[in-house]
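Look for chain A in each of the two complexes below; its partner is chain B in the first and chain C in the second.
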Partner chain A sequence: MADAVLRSLARWYSVPLVLAVWELLARTGAVSRRLMPSLVEIALAVWDAIASGDLLFHAGISLGRAFAGYALAIIFGILLGVAMARSRAFDALFEPIFSFGYPVPKIALYPIFIFVFGFGNLSKVMMIFLECLYPITVNAFYGMRGIDRVHVWAAHNMGASERQIFWRVLLPGAAPAIFAGLRIALPISLIVVIITEMIGESRGLGYFISYASASFEYSTAFAGVAAVAVIGFTLDRALVWLRNRLIFWERGAAFIGAA
Partner chain B sequence: MAAGAMRESGFGTLGGAGGALLEVRDLEKTFRRGARTVQAIDRFSLTVSEGEFVAIVGPSGCGKSTFLHILGGFEPHDGGTMLLNGAPVRGPGPDRGMLFQEFALYPWRSVIGNVAWALEVQGKPKAERIAIAERYLKLVGLSQFRDAYPAELSGGMKQRVALARVLAFEPRILLMDEPFGALDAQTRELMQEELNAIWQQTRNTVLFVTHDIDEAIYLADRVIVFTARPGRLKDEIRVKLERPRRIDVKKTAAYMGYRNRVWDSLREEVLKAREEFR
Partner chain C sequence: MKAAAAPFSRGRRAALGLALPLAALAAWELSARYGTVPDYLIAPSRILAATWEMVLSGELWRHTADSLLRAIGGYAIGGAAGVAMGLLAGIARPVERFYDPIVSLTYPVPKIVVLPILIAWLGAGDASKIAVITAAVFYPTFINALYGAKGVNRLFVWSARNMGAAPLQVFAKVILPASLPQVLTGLRIGLALAFIVTVAAELQNSRSGLGYLIADAENSLRFDLMYAAIIAIGVIGFAGDRVLVALRRRALAGQTLGKEGAHG
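Our next item is the complex of A and B:
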């Protein structure tokens, strides 16, 4: 028991340490309190924002957009990655696009997206979709390509059909890599929704944070940041939980924080 | 026709020693990588009788595994004919049961799930495939591990599951590609004994590729020696050690005689293969 407490202390001590340093800097006035409010002030601001309903309203808007873009990226990303791994024609068509486009920050296209899709939900959802599409497609592609050839050979040997091999060998075999892509894309969806909401928008957590900062209400801005952090952390945990249920045979392996 | 003794013991299909089951004539295989070509197999012929256990030894890279992959239908060949039971071999199929060095078990399926899936793809009803799978798990001594997953098993146990899986769909011939190559020396020896005991019951026709001379002599009725690349037939040694063979047979003078005979034949080829890598 005491052992377990010590071990989790050893693992997690850096989090309270950062908070303590923050509080110290804020209280001693080493950094202006306006820029770096104390944790108590931030907590009060979170409480106020929840009580007024603002935080949940804006968080709901942001989550809706992030999910819409992320879900589209999951559907098209997996389809595209699988098609590229299975068909030479698809591979030849899309591989260069993904190779060249992968390191490019697609967010630079946002002004053009606004022009094409307008200032509303659509430009943001499309931006999230595009940014999330890359890691999901690339991971699905390498997951399908990386399947052990003896797994396919053994199935052929038993007399399995191509269809059976696809659903019962290739897809489960690629699932760990597919989930790795989903996990990379999840925080990207939140990053992109926040950034795009900071530009010409009147709803969503990005707007909430940038509006509070512009009004010099830094504790409220940090309340928004804290909300984003909590959402990101919770969603990532949920995804890891789901992944470990679905890919039970590879528990923990090559998936950080899977314990 | 299948021998009565086999049916009675509950493990189907196999015939008594008799006519030619597998006939390979002048098999050719060349790998092409860009402008480079490497001849892997050069006019190799082999006849295997029903119920015979044939081992193929050769230096590494000699094309013996490639030969098995071609027979399994996983890789194309460039010339020659292969007849199984009189019919040409085309593509992979369950009349040949392949055992891989890497086991090739599906990690997302339990032990029984792995064995039963081979029967599921062949359209056997659920109750039947579970019953057959259980029977073969018992044969390889893994009944109590039926619900375990491959990750929970040792290497030797994994290969026993893989063996149960191919035996379960009752192929005409077993193709074993260095099946114990990934195991440690002790486990390997135990697995040889176990395979011998299982074979004593099932009397499958087996083509067994290995680089281990002891394994080949201990298990096989006939040892084929491959030359260094391109693989050709170098030598053929009939092993007339009495069956059932216990592991002590490895201490007998007769066994040592076979061992020296195979090694003398193989040694030259191993040296040649080494020259090529210099």
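Our next item is the complex of A and C:
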């Protein structure tokens, strides 16, 4: 027991170390207290924001938007990626859009999205959808393309139908790449929801943080940042857990901090 | 799998690839000219003319230069720190031990959330934007450099040591070249992020730059300016990526390791 505690302390020592340095800077007044609130003050602000219901309200709104856009991107991204990998016509039609559009910051289109879809949820959901669509589609495409032909031939040889080959060979073969795309897109959905809420909105965590910051309540702003951090970390872990459940035959999704 | 159809010829493939964008542009142009569409859908020909006018007047350059300064500033600092720390962590266990918990906890957190706080700390000028871009670029470059250095075949390192190479030589001649493909992958992801964060930061709070130009043009309903700025951002993002791909091809010429496709 004591051994296990010591070992996990040895593994994670840098996190408490950084927090201790933060606390020290805040307490000694080396940095202005107002700009760098102590951890206790931030914890109290988190508690206040939870108790008043503000934090959960704004977090719920941000999560709803992020999930809606992410889910749409998953559906259309996988469909498009698979269709592009299976049909030359689809590939020729869409490949330029994806290879040229990939490095372009699509967030620049957000003002147009506001005009087209309005100021509310829809413009944000569509922006998240567009940004997440790219990595999901491209990864699904390369996953389907990267499947060893020998597996397909072997299945053919053993009398599998086209349908069986798709569900039993192609889709499982592409699944690790598809999940890699999902993992890239997940933080993107959070980035986009936060940015769009910071730009023009009166609800959501992005608004919560920029409002608290603009009214000089920095411990409340840090409480919002902490909430985003917890959400991002938890969702990422949940996705890795799900992946390891579904793709039980191949490990190694957690490219960092894999315990 | 389908029976192998005859592959499309290059010309036919290119024609199909242009079909969707061209059809969309034509529909847009025609409906903007002859139909009743909302104000913000001004005709592509007018957008091009406005863009050209702004190029000539120098206004577009000014904002582009401001955006590039921020993006490249943050990219240079974040990328240099990420690659250096990542390689160091890849070869030195204590360094990896220090970074691993911090990076794995904060990696899935969108860095843009700290922008309002950075603005309070550093002011609303270039410094806060460069700081948030630096943070965003650091993560992918660090992680890729770390795994590049860790993934170097031990046999190469042992052989080099055996033949009497000093530790510094091993690093420069073995570890650095062998991890280069993955380091460059990280730098490519980082560049795309640098542009996204630049535009996002400028949209949110700025007095100059292409993101500001978009927001300002939108507020004053100058849609031609808005589209011109969007085009400039697209061109920069695309051109930056192409430059990195070309650099990568040069740097890895002759190397058989890590030949991935065009997508990072």
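The rule is short, and it goes like this: the second predicted complex is superposed on the first by the 244 of 259 C-alpha atoms of A that agree within 3 Å, B and C clash if a C-alpha of one lies under 4 Å from a C-alpha of the other, contacts with A are read in each partner's own complex, and residues count from 1 in each chain.
Operating definition for what follows: contacts are C-beta pairs under 8 Å (C-beta built on N, C-alpha and C of every residue); 3 or more make two chains touch, one makes a residue touch a chain.
Remember, it's a predicted structure, so these values are computed and weren't measured experimentally.
Participant: Taking the superposition on A as described, I'd like to know which of chain B and chain C A:D148 touches: first, second, both or neither.
Facilitator: The first partner, chain B, only.
Participant: Going by the contact rule set out at the top, does A:M158 touch chain B (first), chain C (second), both, or neither?
Facilitator: first
Participant: Have a look at where A:A238 lands relative to chain B and chain C in the superposition and call it first, second, both or neither.
Facilitator: Once the two structures are laid over each other on A, A:A238 reaches no partner at all.
Participant: Is chain A touched at more residues by chain B or by chain C?
Facilitator: C
Participant: On the A-aligned overlay, A:P172 touches which partner chain: chain B = first, chain C = second, or both, or neither?
Facilitator: Touch status of A:P172: first partner only.
Participant: Determine, under the contact definition given at the top, whether A:W249 touches first (chain B), second (chain C), both, or neither.
Facilitator: first
Participant: Once the shared chain is lined up, is A:L56 touching chain B (first), chain C (second), both, or neither of them?
Facilitator: It touches nothing on chain B or chain C.
Participant: Between chain B (first) and chain C (second), which, if any, makes contact with A:L24: first, second, both or neither?
Facilitator: A:L24 contacts neither chain B nor chain C.
Participant: I'd like to check the shared interface: which positions of chain A are touched by both chain B and chain C across the two complexes?
Facilitator: Shared contact residues on chain A: 156.
Participant: For chain B, which residues count as touching chain A in their complex?
Facilitator: Within the complex, chain B touches chain A at residues 72-74, 91-94, 96-98, 100, 102, 104, 106-108, 117-118, 121-122, 149-151, 165-166, 169.
Participant: Which positions of chain A touch chain B when the two form their complex?
Facilitator: It is residues 148, 150-151, 153-161, 164, 168-169, 172, 247-250 of chain A that touch chain B.
Participant: Would you tell me which residues of chain C are touching chain A in their complex?
Facilitator: The contact residues of chain C facing chain A are 1-2, 5, 7-8, 12-13, 16-21, 38, 40, 97-110, 112-117, 119-121, 143, 146-147, 191-192, 195-196, 198-200, 203-204, 210-211, 214-215, 218, 226, 229-230, 233-234, 237-238, 240-241, 261-263.
Participant: Mind pulling up the chain A residues that touch chain C in the complex?
Facilitator: Residues 10-15, 18, 35, 86, 88-89, 92-97, 99-100, 102-105, 107-112, 114-116, 138, 142, 149, 152, 156, 165, 186-187, 190-191, 194-195, 198-199, 205-206, 209-210, 212-214, 216, 218, 221-222, 224-225, 228-229, 232-233, 235-236, 255-257 of chain A touch chain C in their complex.
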